[in-house]
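Notes for the one structure printed next.
Chain nomenclature is as follows: A, B, C and D, assigned in order of appearance, with residue numbering initiated at 1 for each chain independently.
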Amino acid sequence: MKIAVVGAGYWGPNLIRTLTSLPLGLEVVVCDQDPERLAKAKARFASISTTLDYQEILADPKIEAVVLATPISTHCSLALEAFAAKKHVFVEKPMAGSVKEAEAMVAAATKAERILMVGHTFEYSPPVRRAKELIRAKELGDIYFISMMRVNLGLHQKDASVIWDLMPHDLSILLHWLEERPSRISAVGRDCVAGGIPDVAFVNLTFPSGVIANLEVAWLAPSKLRRIAVVGKRKMLVYDDTENIEKIKIYDQGVEFNDPEDFGEFQLSYRTGDIVSPRLPNTEPLKIEMEHFLECIRLGQQPRSDGASGLEVVRALDAAERSLSLGGLPVSLEES
Amino acid sequence: MKIAVVGAGYWGPNLIRTLTSLPLGLEVVVCDQDPERLAKAKARFASISTTLDYQEILADPKIEAVVLATPISTHCSLALEAFAAKKHVFVEKPMAGSVKEAEAMVAAATKAERILMVGHTFEYSPPVRRAKELIRAKELGDIYFISMMRVNLGLHQKDASVIWDLMPHDLSILLHWLEERPSRISAVGRDCVAGGIPDVAFVNLTFPSGVIANLEVAWLAPSKLRRIAVVGKRKMLVYDDTENIEKIKIYDQGVEFNDPEDFGEFQLSYRTGDIVSPRLPNTEPLKIEMEHFLECIRLGQQPRSDGASGLEVVRALDAAERSLSLGGLPVSLEES
Amino acid sequence: MKIAVVGAGYWGPNLIRTLTSLPLGLEVVVCDQDPERLAKAKARFASISTTLDYQEILADPKIEAVVLATPISTHCSLALEAFAAKKHVFVEKPMAGSVKEAEAMVAAATKAERILMVGHTFEYSPPVRRAKELIRAKELGDIYFISMMRVNLGLHQKDASVIWDLMPHDLSILLHWLEERPSRISAVGRDCVAGGIPDVAFVNLTFPSGVIANLEVAWLAPSKLRRIAVVGKRKMLVYDDTENIEKIKIYDQGVEFNDPEDFGEFQLSYRTGDIVSPRLPNTEPLKIEMEHFLECIRLGQQPRSDGASGLEVVRALDAAERSLSLGGLPVSLEES
Amino acid sequence: MKIAVVGAGYWGPNLIRTLTSLPLGLEVVVCDQDPERLAKAKARFASISTTLDYQEILADPKIEAVVLATPISTHCSLALEAFAAKKHVFVEKPMAGSVKEAEAMVAAATKAERILMVGHTFEYSPPVRRAKELIRAKELGDIYFISMMRVNLGLHQKDASVIWDLMPHDLSILLHWLEERPSRISAVGRDCVAGGIPDVAFVNLTFPSGVIANLEVAWLAPSKLRRIAVVGKRKMLVYDDTENIEKIKIYDQGVEFNDPEDFGEFQLSYRTGDIVSPRLPNTEPLKIEMEHFLECIRLGQQPRSDGASGLEVVRALDAAERSLSLGGLPVSLEES
């Protein structure tokens, strides 16, 4: 099988590394407009071939799929061309820069009867999958609320806010876990360093089931935090991606109804029971993700992080950004 | 000097302990409606005298000040009576259950020419004071944003939401540090366990200077978090009250303007420099607070956490609660 | 029942507090040579009576037991007098300053048919007890080795080395868990600050069963460490007493025999499985300890930390100190 | 310049990666007896050439230096042959399996007037270098003691004890910092899993200056620890290599002479002052090490981790192993 990776900038090389190291005998073609990047890629991955011309990729009938790791603004047009050429498409997150574009991509995939998969890598990571299993199996009980922090001293982007840069991760995890669309999103943020590009945002989501979520994303933070707390009726879970060993901790929680001290009174008291940190496989998420894409192509199957789920993430990003620009006014997602 | 502590329930004994252990030869009278509580207090603090009758306190001309540690709903009327009897008043936080009550208390103190101090204990704690000095001295540069978490598996209150129970701490710290009134507050919350009493809330504040803040408070959380991050233009600060030794860390932060890789481009890159955890005195905040109250009485001085600052905290609590009940709609504080 | 606490210095007040707060209606007499200390104790614990004269304690037929919290060098003579007066004795750790003295105390208790209990408080703490149960039930499998650190920036003692000051804790835990006497002890140490009084020591123990242990104790250390790792054949356990919540963690451990890569070769690979931090009751060890002493008196029962076990600890302390003074030469305990 | 890497097993590829990525246009030849390993290396590093025959390396006059990453038992003979062929030699740690071999290597290097450098990589790591500067500049004051832990659930070696496998790291750091040879070493250990091969060891060292050190190394441990505490008269330092950001913390420490409470008494009390975690460059130690080797060749300079220092490490390893087999009897190093 032959596959093309388009974009050999910041992220592309990770995809090339993953694809070339799979024991599947893939032929990998790398496409970029910058000859120097191609030369670098070729030096590092001896087995690849390269091209400066995307049309060459589209014209090659042996290439079954394209993997897009280009700037967000190019995702839609590159994907539409690929579908027109009957290629399957894997596109990095966020899938597109607007709801309209994302919708067009989903429609094009359907029409072309080709697979559209979005690079929500975290959905393929062992801790997120374990949490998903626990949530689905009602191990945690009904979910009350979720708190997410994704902050660090990061590189400022010059063409996307911190919402579009960091929040696709959290939103894809959140929607993957809860399997429902938020009904309302509000966001407060600020462009601390570079005018016009928010680099910190506090985002709140309300879901039809009652679940609420608080997301904090920032490129400016004293220390790196990657912490998600899921509070359920029966158990609670903390997923800390900066931990090496105990990435997930499950807190068994018991309610204690204390005897009333006075008649008419009662006290609800909670206690933490045992804490369990389950062993997780340490397979690289990117590897699982790429294998899943290839398998979906082979079996003609819908991928887990398909176009529809990518579209939901874009919808939420768009709502958050709109709320932010409205000074935190909640934006409803029902009608969108 | 003679002083009365009113309320010997959950918090009162801490105030009694502090007052009786000060080397000032204070005469402490304790008042509570429950004879059993008074008996317990007397057994533990041999030197105190006790009474079931608040009027007795008011009528005793030797008692100069009352310390109120009673339920929030009683604060206002007890304080007004005390001012009418020409006593100074120390009242636990939150100062009152409504803006109106808080305003009445401030007015009564002014009219009676007596001191009104609010128990914003954290303003007297060494880490908060150190942070205050750093902020005031512009060591951190202009403040960009503040993130605050105060969550744990706590006792559910039956007469107050988590906002009125936990957030007075964060708000008093925030207003103390920033010295400005928030212009807008929004809050999303949920009553997970007991109907009608929110036990988790995510609150966002916007300040006229541009600072934004995210506060998360919850009685339901897998682990206790008491973490505040202050991100400034020059330095950042983390105050973690669950840490025993390194409660405060100051992150020296440098901006690196990388050379553009292509003409027309530039990249903002931040780096963390040295991290310093300053030594802090380990004086008990409650002791500093009580000494401050007594000194203000002696010198006829305005206390740091005076009625006006208590009123600001109540205003913010009230706005947060209103926003929460409006589904997160931002509530403006300018006109309040 | 009437009981005497002898010594109202650094540690005594904790014992007085515990005894007076037990709901048993104990009459507590406190004895100390320093009138000021007695006055302080009386001010804090209104219900006690006091005396400057130990003989008065001995002569009072209503006093059934004495609790000794005096300097180590006085333990033996005070205990012997108490036994002669037919009192039960609780003595703080270490039980005595020499093996000879400890042996005399054990003999006197036997002769007087009175209870001798040693204040190895950690044996009554929930984490140590939980670990004991796990070890006894062979949950961890055969124990391979134990590593213990007890270091912090502490107060220098002027009459005892760090070995006699800090190591009774670790040794009593170790002997309690393993139920065997070490066959060999070696120690290296140094008197960094005050001449002649070692303030840091590294001690190694070898047990007949094969278990080896490494103990590090120091009054000079950058941060407080209270960490014990127990490595067994099936599981491992870490007990970190500076942790608030997860004091004990149990590591499930699996051996994986990897397939040989070449014939003739094999690879042993270990992996960590789930990690469990069990919920522990948070009863104060001192309370459990005192209740145990009183119960043993009432029922005429041998206490868990009896004179024999106190003697074993002294034997080990003595051997460690001898090895230290011999430059680390291993000292055998069989013949002692 | 042309250079040969001998051994393409577990560690060799890291050296090949480093050498081929240096911007020096090095020609790298890789030698191994296993054709499959060579094929793998060639696939990964396109620019290298390979050979099965070490003699070919020796015979190639263009090859100036050999880098040995072969099993310990082969180090000596390969190095002697290389010196005979007038090559410079970089040899992985430990330099040799015996003092005799190490001495022969040092002698051969001297005779051949070629450079002999030992792969004590940690000496080139930013945290170890920073600590070295602080120690040399007397920032910490006189060193009192050093405590080192290097434990984790590791792969069991089948031809070397944990002492020869893990302790070269600690010993090279220790000798590098202190610049003196230990006068006495004692070790207690155990072969828990595989008969005859100790997998845990507790090692104590005494230095002529008075410094003592405690080293704990184990392949069996619940969690990975890489912690070194250096306690000096003025400051203390903790180097924790498992920390991502705060690898080094420096504790400013003050002595407080409290006023005597009674005449004749005094109390030494220490306190921790500010804690500083300095920013460290995150250059890869292996890169610095390889560059240093190449520079020493170019300038005819003695490397920092030269044969003599490698020999000292082997001496200490040998003494530790002897003590271990003698049941912990201290072994003197003066006469060795």
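To be clear about the criterion, a contact is a pair of C-beta atoms (placed from the backbone, for glycine too) under 8 Å apart; a residue touches a chain by one contact, two chains touch by 3 or more.
No experiment lies behind these values; they were computed from the predicted model shown.
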item: Shared interface partners, meaning chains that touch subunit A and subunit B; value: C, D
item: Most distant chain from subunit C, judged by the mean position of its C-alpha atoms; value: A
item: Centroid distance [mean C-alpha coordinates] between subunit C and subunit A, Å; value: 53
item: Approximate Å spacing (C-alpha centroids) for the pair subunit C, subunit D; value: 38
item: Subunit C residues counted as touching two or more neighbouring chains; value: 223, 245, 271-272
item: Of subunit D, residues touching subunit B in the complex; value: 245-246, 252, 271-279
item: Of all residues in subunit D, those that touch subunit A in their complex; value: 43, 46, 223-224, 242, 244-245
item: Subunit A contact footprint on subunit B (complex, rising order); value: 144-145, 147, 149, 151, 153-156, 158, 184, 186, 188-190, 192-194, 200, 202, 204, 206, 210, 212, 214, 216, 218-223, 229, 231, 233, 236-238, 249, 251, 253, 265-272, 327-330
